[in-house]
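These are the structures in question, set out in turn.
Two complexes, one shared chain (chain A), two partners (chain B, chain C).
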Partner chain A sequence: MSVATASGYLESLLQGRAQLPISPLAWLNRLRAEAVERVGALRVPTTHDEDWRFTDISSLTKLPFQPVHAASPLQTAEAERFYLEPATIRLVFVDGMYAPQLSTQVPGAAGDSGIVVTHLSAAVSAHATTLESHLGRHAEFCNNAFTALNTAFLHDGALIIVPRDVAVDMPVHLLFIATQKEAASYPRCLLIAESGSAVTVIEDYVALQQGVYVTNAVTEIALADNAHVNHIRVQRDSGQAFHIADCAVSLARASRYQSTSIALGARISRYNLNVQLAGEGAECAVDGLALITERQLADTHTCIDHIKPHGSSRQLHKCIVDGAAHAVFNGKIMVRPGAQLTDSVQSSRNLLLSGRAHVDTKPQLEIFADDVKCAHGATVGQLDSEEVFYLKSRGLSEMTARNLLTYAFGAEIIERIPVSSLRHRLKQTVLEHTQRN
Partner chain B sequence: MIYPDSKSLLEVRGLRATVNGIEILKGIDLTVRSGEVHAIMGTNGSGKSTFAKVLAGHTAYEVTGGTVLFEGKNLFELAPEERARAGVFLAFQYPIEIPGVANNQFLRLTYNTVQTQRGKDELDPLEFDDFVREKMKMLEMSPDFLDRSVNAGFSGGEKKRNEILQMALLEPRLAILDETDSGLDIDALRIVANGVNQLATRDNATILVTHYQRLLNYIVPDYVHVMESGRIIKTGGKQLALELESHGYDWVSSEQRAAAGA
Partner chain C sequence: MSAVLQNLVNQPYKHGFVTEIESDVAPKGLSENTIRMISAKKNEPEWLLEFRLKAYQQWLTMEEPQWPNVKYPKIDFQAISYYSAPKPRKKLGSMDEVDPELLRTFEKLGVPMHERAALAGVAVDVIFDSVSVATTYKQKLAEVGIIFGSISEAVHTHPDLVKQYLGTVVPVGDNFYATLNSAVFTDGSFCFIPKGVKCPMDLSTYFRINTEASGQFERTLIIAEEGASVSYLEGCTAPRFDTNQLHAAVVELVALDNADIKYSTVQNWYAGDENGVGGIFNFVTKRGLAKGVNSRISWTQVETGSAITWKYPSCVLQGDNSVGEFYSVAVTNHHQQADTGTKMIHIGKNTRSTIVSKGISAGHSNNSYRGLVRIAPTAAGARNYSQCDSMLVGDQCSASTFPYIQVRNNSAIVEHEASTSKIGEDQLFYFAQRGIGGEEAVSMIINGFCKDVFQQLPMEFAVEATKLLGLKLEGSVG
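Here is the complex of A and B:
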């Protein structure tokens, strides 16, 4: 693939912008225009780019994915199976477009607290100043063609504002349903957790049916002092889809960010997670699980950036790779000169279930402070034959033994999700996945 | 106990086995009839655990000679899980830790698998919970062990108790307990031994691999075998264990050598 055609490809994607309404906010129009300009200057990354060494997305450029402009008339009956019990505050987007008929309002009790869960375009007037200081300020698009594209299409999305000292008990479920083939969607989420607030947000990507489409998502999360955000991300797109996502998180003093990201779907997926510990004593736990098979590729790039002293980060990333699938993990831990007394642990553990399965894992430590504790490790292995024998010696079949061990490997991450119905559903998915084989 | 008309449960004839091409078992002969308790003693590295694992079907060991009949059928035609379902149970010298698999889930799964195989009904989680707690009481095990991962972080003695708990659930025909006593404190030894004794019937049999006479005070063997270099070199009654305790293994070996020389 030549660079020229690749950049031509990005520009062809921009054609869909013609239908975008002009925003009443001048700065938002400017932001989009800057993004359009960047798209023009950037190109689709290739395996010659260090950051994309293992992830060949040239197949993406074979189809002229365009955004959907007419909202799909999706009915509750079709969307319901993706809902989570017990109740959540739910925003649903179908092919990237807000679906009011499927979304819920913030219920009375939570509403009184002043929490805002709405779609962006409804919030432009009421929250203009908040939006201006956050939207597009965390997810950098200067060198990222996909984030630039998403920003160029920035119009609607999810907005969550949790006011000062408010702890929301009910999880917020952001549900993105893909229904159309060859469509491009540009989901956008902005979560602002004001000081001392606490919230659990589930970002959930699902498909109504199998099909080739592209999801290009950007999420921005800002935690003020002492805020606590639990962010769960589940990517269960169609097995033929492309899923490219960028999440930028900024942590102020003594705030705590917990992230659990699960990648199950998509033919090719790429998730960039950038966590900046920008305030003293900030804390993050970043966990991930990729469970893939056949010819899937799941690429996770994380960067945990310790900027201020007394920060701590803990990361456990696991991949279960079957068939001829390929998992990529690149975990960068940056400790800047000002980040003394940082405490950081990173672990990448990978389970290969077939001879053709493949994983590339790369921890990347860049430490510029001297008084820090940083530990990291990576393992790649198969199921332990002694464990398999132990289970068989108790009467379990080879397959049951292997499934149980595979499940246990993944369950360690799933256990960390604080929403029991989702945990249960994911465990079920892992069991079904392992039983297929 | 020795019953005059008992039928043979296990018949081992000239068993040879290798690991990584090294011969460890060099011709073992052993007959176990139902109702009996056999103790196997012997120096470190003499092949006791290897013998136990070969009987359980561990694939790291290659059987290179001899035959083993279990209830009259060729044991080597059965996969490890089939042996377990048929009633062979090995309590491991070093039980394996399985992080991420909850002990209660594991126990129920194995119990139900074996029950189904024997044409009996499965227990649902609630029924099983009552059932397993009853068994745990017998072994004076805290129910807290149900919620933990299988053996993960268990102390040496706790792992051994968990093995005997599995034995109590699966009710094997032939139980092979590989050094179940080592790692147990004095009280635990008595409790576990009581458990094993309660499980002993006319229709099953136990092979105890042990280094210590102490266990045999609690679980009284009908036969004591001494293993050396992959062979059973001497067999006697429970007296033999006491003699070994006072004279050491050297005494048997030299007796053997003398016999061979004579």
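Here is the complex of A and C:
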């Protein structure tokens, strides 16, 4: 793939932009124009780029994806199976477009607290200043063609604002349903947790049917002082789809960010997570699980950036790789000069279930301060034969023992999800996956 | 070319080393003619000239690697002289003529008296009959059939062996600096251990008087035949001053069935002054091929010198059950930069590798570990364990870890762990409580930190390396 055709590809993707409504906000139009310019200057990354070394997306550029402009008239009956129980505050986007008929209003009790859960275009006038200081300010698109593309198409998306000192018990469910083939959707989320607030958000990507499409999602999360955000991200796209996502999180003083991302679907998926601990004493726990098989590729790149002192971070990333699937993990921990007393632990665990499965993992430390505690570890292997033997000695068959251990390996991450219905559903998925063999 | 480099190249010999070879230096610049000239001067056979020219043609198409985590001014490869005849040093009459600074260093390191003289360039026979020592060693080695000498000598005396193995482990077009080396290498060591022979002593360049000043593009080739074993020591703990800023050496090791090669390095090239001015750029390609079954290649390195170290001693574990080991201590101080680590390429079944890397950075230095563990689909039952620890002394330095783990076989087990720590106030307090002062306490803590690696060094080296570390970090704590 030559660079010329690749950049031509990005431009061809931009064509659909003409139909975008012009925003009443001048700065938003400017932001989009900047992004369009960046798309023009950047090219589709290839395996010669260090960041994309193990993830070959040339197959993506062979397909003519076009953006979706009309929301599909999806009925409740079709979407219902993706809803979570008990009740959640739900925003539904179909192919990236807001679907009011499927979304719920903030219920009375939570509504009184002042929490805003809406789609961006509805919030343009009411929250213009808040939007201006956050939207597009956290997710850098200078060197990321896909984030630039998403920003170029930015006109709607999910917006959550949790006011000061408000703790919302009910989780917010952001459901992104893909319905069309050969379509490109550009979901966008912005979550602002004001000081002392607490919220749980589930970002959920699902497909109505099998098919090739591309999801290019960008999420921005800003935590003010002492805020607490629990962010769960589930990617259950179609097995032929491409899923490229970028999530940027900024933490102020003593705030806490917990993230659990689960990758199950997509032929090729790539998730970039950048967490900036920009305030003193900020904490983050970043966990991930990729469960892939056949010819799937799941790539997770995380960067935890300790900028201020007394920060702490914990990361556990697990991959269960079956068939001829390929898991990639690149986890960078950065400790900037002056970020003394940082405490950081990172761990990458990989389970290879088949002879053709493979893993590329690169935990990475870059440390510029001396008084820190940083450690990372990585393991790649198969199930421990002694553990299998132990279970067999208790009367389990070889197959049952193996399935149980594989399930337990994945369940460690899923257990960390605070929403019981989702936890249950995901465990079921892992169980089905292990029993398929 | 930067002024820094100019100064360094033009700098007169320090410390009593006098050179009288100005007349026998090739003009600056690199072209096909330079290579033909080098080859002609060394009276090389046609095949070696072809080898060099092929490398040169490839080199022209290559670009300098940008990925290492080091910064330096651009090197002008046309401003370097690629050949100078071996430099005969002016022999000093006695130890009194030696630079006192150098003597102070020897004293601190505890270098034996007779060695000090040899290192300082005092005519050895004046002080100690080390020439005869070297000759005795050579005789002893020849008795068991070991060939040990300079590579340019071996090209003439054992052309078949050199031709058979040269460039098989580090191919001509391997990387930018290795290719440059293949084109212009001047000298280095050649060592051949025949079938079934256990080398009766540790081989060291130190006793190889004939190739004392082997120049900036060194080429080493070590071959251990079936069942042979050898331990090879390179470098020495005493500081070495050199006028060449760029060093691009290549080391190739070949181990056949059941052979065992242990390669230890202590590197203490000139690191530049406190402000980061001057110092050697050390861009080295070292690779061992564990070709036969049950073969073993072990690298041990103590890297303390050079302004920039760029070095990844690697093992290609091709034979079934072969073993690769890498033990490293890298110390950087002031403005030094080190990007070093290893590559373990598992190809054969049940291959095993161990990586233990300890990085210490102080001052404004930058110390990176970069490693690759690759398990090929054929490497059933492969096993790797890696541990890389960093220690930071002061808040102006940095330590980075870039381990690449690529696994293509599900019966392999790969483990990697890394940690970063500092010398804690409480640790120093504990020592103080026991009546041990700051400097000494730091030295003890650091030696404890590096113990796993020092244990792998031959005994004399280990003792000197311990002291070297203390000397290196002198004044950086407290």
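As a convention for this text, the second predicted complex is superposed on the first by the 437 of 437 C-alpha atoms of A that agree within 3 Å, B and C clash if a C-alpha of one lies under 4 Å from a C-alpha of the other, contacts with A are read in each partner's own complex, and residues count from 1 in each chain.
One rule holds in what follows: a contact is a pair of C-beta atoms (placed from the backbone, for glycine too) under 8 Å apart; a residue touches a chain by one contact, two chains touch by 3 or more.
On a predicted model such as this, the values are computed, not experimentally measured, just so you know.
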{"item": "Fit or clash between chain C and chain B when superposed on chain A", "value": "fit"}
{"item": "First (chain B), second (chain C), both or neither touched by A:R81", "value": "neither"}
{"item": "Partner chain(s) touched by A:F409 [first = chain B, second = chain C, both, neither]", "value": "first"}
{"item": "Which of chain B and chain C A:I367 touches, first, second, both or neither", "value": "second"}
{"item": "Partner chain in contact with A:H48 - chain B first, chain C second, else both or neither", "value": "neither"}
{"item": "Most chain A residues touched (candidates chain B, chain C)", "value": "C"}
{"item": "First, second, both or neither for A:P337, with chain B first and chain C second", "value": "second"}
{"item": "First, second, both or neither for A:T400, with chain B first and chain C second", "value": "first"}
{"item": "First, second, both or neither for A:E387, with chain B first and chain C second", "value": "first"}
{"item": "Touched partner set for A:K62, first chain B, second chain C, both or neither", "value": "neither"}
{"item": "After fitting on chain A: smallest Cα gap, chain B-chain C, Å", "value": "14"}
{"item": "Footprint overlap on chain A, where chain B in one structure and chain C in the other make contact", "value": "none"}
{"item": "In the complex, chain C residues that touch chain A", "value": "67, 375, 377, 390, 392-422"}
{"item": "Touch list for chain A against partner chain B, complex", "value": "385-387, 389-398, 400-401, 404-405, 407-409, 411-412"}
{"item": "Residues of chain B touching chain A in the complex", "value": "56-60, 79-81, 83-85, 89-90, 92, 95-96, 98-101, 106, 109-110, 113-114, 117, 149, 166, 170"}
{"item": "Complex interface listing, chain A residues touching chain C", "value": "50, 337-338, 340, 350, 352-382"}
